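For reference, chains read A, B, C, D and E in written order, and residue numbers begin at 1 within each chain.
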Amino acid sequence: MKIGVFICHCGSNIAATVDVLKVVESAKSMPEVVYAVNSMYTCSEPGQQAIEEAIKERGLTGVVVASCTPRMHEPTFRRTVERAGLNRYMFEMANIREHVSWVGKDKAANTAKAVDLVRMAVEKLRLDKVLIPKFIPATRKVLVIGGGVAGIQAALDCAEGGMDVVMVESEPSIGGKMSKLDKTFPTVDCSSCVLGPRMVDVAQNERIELHAYSEIASISGYVGNFDVTIRKKATYVDWDKCTGCGLCTEKCPSKKSYDRFNEGMGETTAINIPFPQAIPKKATITAASCRLLSGGKCGVCAKICTSQAVDYTQKDREITVKVGAVVAATGYDLMDWTVYGEYGAGRYPDVITSLQYERLLSASGPTGGHIRRPSDGREPKEVVFIQCVGSRDPSVGRPYCSGFCCMYTAKQAILTKDHIPDSRSYVFYMDIRSPGKGYDEFTRRAQEEYKAQYIRGRVSTVYPKGDKLVVKGVDTLVGEQVELEADLVVLAVGGEASQNAPKLAEKLRISYDGYGFFMEGHPKLKPVETNTAGVYLAGSCQGLKDIPSSVAQGSAAAAKVLGLLSKDKLESDPQTAGVDVKRCVGCRKCINVCPFGAIREVDMRGQIKAEVIEAVCQGCGLCTATCPQGAVQLSHFTDNQVLAEVEALCQS
Amino acid sequence: MAIHEQLKKIILDTLPGVECVIGWGPGQDALHGSPVFMRKPEDVDSFMDTPLGAFGAVNNLALFLPELSGKKVGVVVKGCDSRSIVQLVAEKLIKREEVVIIGFPCEGAADLTKIEKALPEGREAGEVTGAAIVGETLKLSLGSEEISLGLADIKADKCTRCKTPGAVISDAFAGIAGKAPEVRDEYADLAALEAMSLDERFKFWEREMSRCIRCYACRNACPLCVCRDHCVAGSRSPHWITQTDSTRDKLMFQIIHATHLAGRCTGCGECQRACPAGIPVLLLKRTFNRGVAEIFGYDAGMDTEATPPLLTFQVEEAHIKEREWQ
Amino acid sequence: MADAYTLPAYDPGQRNPYLPYAATILEVITETYNIKSFRIRLDDEKAHREFAFEPGQVGQLSLFGVGESTFVINSSPTRKEYLQFSAMRAGEVTTALHGLQAGDKIGVRAPLGNHFPYKDMQGKDIIFIGGGIGMAPLRTLLLFMLDNRKDYGGITVLYGAKSPEDLSFMYDFKEWMARDDIKVVLTIDKEAPGWEHKVGLIPNVLTELDPGADNAVAVTCGPPIMIKFVLQALKKLGFNDEQIVTTLEKRMKCGIGICGRCNIGDKYVCIDGPVFTQAQLNKMANEM
Amino acid sequence: MPELTENTKELRIVGFLCNWCSYGGADTAGVGRFIQPTDLRIIRLPCSGRVNPLFIIKALMSGADGVLVSGCHPRDCHYAEGNFYARRRLEVFKHLLPVLGIDRRRFEYTWVSASEGPRWQKVVTDFTAQIHALGPAKFFADAPELDFLKAGEGVMQP
Amino acid sequence: MSNKFISHEKLRDWLEDLSARFEVWAPVNTGQDAKGVVVYRPFVRDGALEFARKPVESAKHTVFPRSETLVNFKTGAKDGKPALELHVPEDPPARAVFGLPSCDARGFQIFDPVYNGSGTQGLARDNYYLRRRNATVLIVKACSKVLNTCFCNWVGGGPACTEGADVLATELPDGFILAQVTARGEAALGSALLAPASDSQEKQARKLHEEAGAALCAPPDLSASVSALRGKFDDSAFWEAEASKCLSCGACTYLCPTCYCFNITDEARGVLGARIRSWDACMLPLFTMEASGHNPRTGKIQRLRNRIGHKFSYYPSLHNGRIACCGCGRCIKSCPSSVDIRRIVTDAIGITGTAGLKEQKNG
């Protein structure tokens, strides 16, 4: 190797406290260094030209630049050496500005340190290998998991960008939590009027292939090349034939089925279509409630169906699709509110969740939009809202703020007044958290315009008294006990990570936090990426958020997918790990620790060997530090390179 | 029926379904047992047919399992050996279903260095011409001389702190497993070293390691060193140590070995037993074993479902005070 | 004293067999994507002039700091301006070697080992059968024979590789094919665009060529699988094991029969070889 | 913050820093001109998870007087999990040093983010002071096994 | 020339006296107690010399160091062009090894023809070995006792065999009687501290020699080993049975006085470096591993076969039937798996060799 070393003055930035010429002289006696020179501003046009000329004239095969931090100009100089015909990875930098001249006062000491850093860079460069990026073909199709508002947005934006989309939704209809809402804050516009058309767009878009009532069975492969197995759960109705006419739901004799869509606020038939705007608008039989499927005699729906769509023999089936990227938009669950025994949650029929209340408010809900108490159907006059049920409460393992409850509680207080003008709403709160466009004004309107009475404090207990509920709490602002008699108590239940999130995360090989929310690539700079290449996040699966934020993330994830798959082939950074199969003994330790699932097990003539999927490898080197025999080496950060750097420092 | 007769019966019953059963047979002299690979019923005759019997069953036979993977084999194990098997299974280095594990209630195994140390000054174990166990003593002949040693005094240190005298897992067991003894490993060996000053400790290692001949018996005797044939000790890529006769590099290899075993070592002590130069190499591994127990409450080789602690993590570590410094 | 044992003497004047000659690379020729040839000249002019070797002998090339590796000297002893070695990139030394350029320093310990029995071959028809990098040892003998053309009968060269890109020494072949005193046949395993020579595996092409076994010697070198089938083909063509000469490759270190790793039974490839007749190999232990 | 006197002889301190947080933090310290002792030299690695604990002992046995590892704060790892593994491995490795006869204060690991220039300055200053308080390490410093480096003492050959 | 005598009290004085002319090596207990491991070390006056127990290692490294520099090199650039300097280390000092057993001294005789270029008709002599060999005086201590792993008498040696020795020392209750064996031995015996040995001391010594020899079992006839092992080469069942318990470590070869294989590797720091010759072992898989990944001796079975084959077949067939084993028994004594070379050889020949001591009762 013929190494050229270029020591930068950086004007006086380096030269003021480092004897640059002395560093140049020292560099000349370093191994394989055939040329060493100083340069006023190496990154300037003439500075870069000098490097190019030296490469050509002196036949240099490697270059060291000692100047500023590689985090600044490494890409610049890599391009420089590449222009002169060198491989861009035959280049190393010594950081003698940020790490030397700017932080040390003693010129002699700085100079000695600079020499060491240059020597280290030379020793590392001697072991650098030519690296050539690989191109891997990619399937230009994206899988969107979850058909809530975030998933819908991601799917539509991807389709709009010309990408084929496979959407998988576990419920019989897409729409998610938003489809259950009556109105949305702070505009109080109709939720289904906003969402409905977008759901229809999904159904009608030719690029979007929708699999409702389906789950992800498994995912293998890697960025650009995921193989997805989707399990389509048995609906007992051939959806290709079902027209969604709803005749079967009228005739079904089993009418006591739990109504999931209405959060149990009503009952439904064994064969049902969850709600009128459902997409796809197809019937599904709940096997447990169906008389025939639970062993009895019936068959009414099959008889009545004009298109012979009912098929009691249907089984779960699996299909496979190939996609290039995945957007996880699996939303959230409401936390288990029954842990709040002191509120009578789950015991008193008139203590309900905010989402159940939404269904009571909704014109498409079980009460046709009339607020009626579950216990006796009476219209409540005194409604108490309790906030932070399952939020900001370490005692139930939910120390975080769910973020949206303050807002929807205010909205529900407003809607209560709209529905029942002579009603009174009370809101127990801890703090009102309403940052956001028009949000704080909205909570104020609830109080000032709609006369909702906000009481700062926690409720200690709720108990029945006649047909009323007594709510006991404390008003911390005035420091007094408060006791209210309510007709209806609405708990602003917080959200939590979807119950199946960890399982899905393992299938996707992405991380999740202690609560089960998926981990983004970087909390600030990579909010929708994950550390697994080709897997993105949208909506509340990453952390609870309101509709606008979810939609924004859906669009952001779509932008990432479109960017990733804008070409047929993906270029992979060649600074990845590689396995020396001659040395690998197949102990799988590297596979276990790789945070990205970038190492797989392959069978090589009967022997197990590890293999790095270059496209997935992010170059962290954890595997290299794990492999006991050093069979896995991270390019440009090999054991030998680090050891050479150590020796270079320690020998001097 | 004596334990070793029961074991023979189990081995004979096991043989038809396996490639071989690995056990202990006679070694080069009265004090030595040696691994024996029983393939035919007549091979079973020599099983434990040595003056020391089960007390001379020192070799950890789990060592041979990874190289035999793909074949079904039987193996007779002491409690400590079974821990190696558990660890190998936990790390998926062998398949549980390929091994028929035959356990017995181990009462401890001999430590030959202790026997030699117990002999009169100037005498060595190689002079022993005969041996017999009578009750709780080992009677040795050195030519015409007779010497008696208490079994308890020549038992390996690992046996005195053993919590698993019966097999942790087994498919067949001879006799009845006794109750796990209530012993605590106090790491007295480490404490003795730590009673020295730092300088003395360093000199200790310099002196001990200077005897190393780089034969790598320590590595090759370790049941968990499955990459021994591709070991960094002989590789240039990576090039951790030179091939020079350097004490520094010899010690470096021991540190590498111990580091690779951190959270995996079951403390079987075969590394130290195998060392022809008598270097106490197990100390370094036990240093990590103690550390791993303190930090993670983990003992290797007890649970086939466990993940070695250095191959996993917790977001919040209960026993790591990472911010103690800065 | 009655001791009959004589201690071998130490003669400080004898050349140290472990001390390489310092040499400089004159030229690096890229033969294929993973094979390069190096033309070197010893730095000590006198040593270079006096350097003598026989066709088939090997040398150890040194990259100081990396190590040594064994290669056949594939230039001819009759042409003295440089020594040529060819290396396929495989291990640490060959990888480092591939990074060298003209002007770089290198060490060389040569000549080592035995050589082709070229005297026994005089007056006979010679058929060379080479595959891939296996052409290198044949090249030295062929060049030698061409420089002593009248001593030998008909010369046929059969050289093959996977594809046109895998063929080495094409500069030589161009020259050889232009001569009318030797017959040259090139072959590749599978059809390739623009290929004007034979297509087919070497043993098959050899059978098709049908060189007469009478008064002939076959010299072959190539990958083990090729050798296996070439031997079968030669047998069918009537060659006996004495008429087949090959050269072996083994991991070597000292190159002078001491360090102990290249033995096959009681034969050491570095001193008893690398050239063996098939008849010799048949008698050796089965540990290739 | 302990101050070092100007004429204290420099000791050899090796720092292994992850590229994304700590190396960036050291850059930030540079940009902010947060003056530090000059003893420490930084080896840049992608992640603290790349740090094989054996690098530390290798440095100490090759002549380093102190070794510092710094990575992203837990949960902030650029590669999600690298520093979690590093934390376990480095913590366990700490136990070995005193048994070998090496003062355990010769090695520390810590977390510095890319924004924490002042923190980096403090880490370097404190660690350097800690190593100076311990003085130079003597492990194998003049070991004869390094004789092979003494080129030129033998007979020059043509 | 009459034999000399040195009393135990004066032994250290004499060795110190020798140290003026030689770098003296002797067996030393390097352990932490009276039963510490005995190895060869350069003599220092207050060192724990030990002659009672046999050194764990052979004395091989006193002439053939575990590692030695063959060539020092300096690479780098001169005037922008690559440059190279090569240096060969200077001659080592003369050495005297005191107290090695006869088997260790005989081991060097196995080395000699190989390192004298027997395979190249002397064209390539190994001067590094030869210069040390010629500069080393071996003062053998006759074994006063034999161990159950000893079998020197199987391969032509004996507890007091003088082959390979320059001086034969025999330990008597009050000191050592020293008999010059070779001319080179004279250099070690030229000291005023040595007294002439008395007849009774001579007699005592002879008696000790006889007793030690008599303790060994009668040797079997190994003359068929060359052909027997050649015949067994392809008998994989035989070798599998013998090698199953082998760990494939290098203990046997590194402890062996006759195993002479080595490796050559380069070490460099910056522009300076050295080409080093270090012990290697045919029992280790990397020994024959080729760059392509191909290994002619893939498994421990092939490797064990080579070790036994080399000592008892290949070497004798090349060196006038001399077996390349001196019967020191260290490979057996220190084998973690009790692989017994005596048994493998006798099994191969198809004879029963009574291994060990006469009085021994195995099992």
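The rule we apply is simple: a contact is a pair of C-beta atoms (placed from the backbone, for glycine too) under 8 Å apart; a residue touches a chain by one contact, two chains touch by 3 or more.
Note that the coordinates shown come from a computational prediction; the quantities given were computed from them, not determined experimentally.
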* Touch-network distance, chain C to chain E, counted in steps -> 1
* Structure fact -> Note, CA centroid farthest from chain E's centroid sits on chain A
* Decide which interface, A-B or A-E, involves more C-beta pairs in contact, and give its chain pair. => A-B
* To do: Return the distance between the CA-based centres of chain B and chain E, expressed in whole Å.
  => 30
* With chain centres defined as C-alpha means, what is the inter-centre distance between chain D and chain E in Å? -> 44
* Report, in whole Å, the distance between the mean C-alpha point of chain B and the mean C-alpha point of chain D. => 36
* In angstrom, rounded to a whole number, how far apart do the mean CA points of chain C and chain D lie? -> 50
* Taking each residue of chain E in turn, which ones touch at least two of the other chains? -> 71, 73, 75, 81-82, 86, 88, 263, 265, 267-269, 273, 276
* Asked: Considering chain D alone, which of its residues make contact with at least two other chains?
  -> 58, 81, 85, 89, 148, 157
* For chain C, write out the residues touching at least two other chains, lowest number first. => 16, 19, 22, 67, 92
* Structure fact -> Listed in rising order, the residues of chain E that touch chain C in the complex are 70-71, 73, 75, 81-84, 86, 88, 91, 109, 112-120, 123-128, 130-131, 133-134, 162-164, 180-184, 230, 233-234, 260-268, 273, 275, 277, 280, 282, 287-292, 296-297, 302, 306, 309-310, 313-315, 317-318
* To do: Using the touch definition up top, name the residues of chain D that touch chain B in the complex.
  => 53-54, 57-58, 61, 74-75, 81, 84-85, 87-89, 91-96, 98-103, 108-111, 119, 122-123, 126, 139-140, 143, 145-146, 148
* Provide the residue numbers of chain D that touch chain A in the complex, in ascending order. => 6, 10, 12, 14, 19, 23-24, 26-27, 29-31, 33-38, 41-47, 49-52, 55, 58-59, 62-64, 76, 78-82, 85, 89, 121
* Inside the complex, what are the residues of chain A that reach chain B? -> 513-514, 580, 582-585, 587-589, 592-593, 626, 628-631, 633, 638-640, 643
* Which residues of chain B touch chain D in their complex? -> 190, 193-194, 198-205, 240, 242, 244-249, 251-252, 255-256, 258-259, 262-263, 283-284, 287-288, 290-292, 295-296, 309-310, 313-315, 317, 320, 322, 325-326
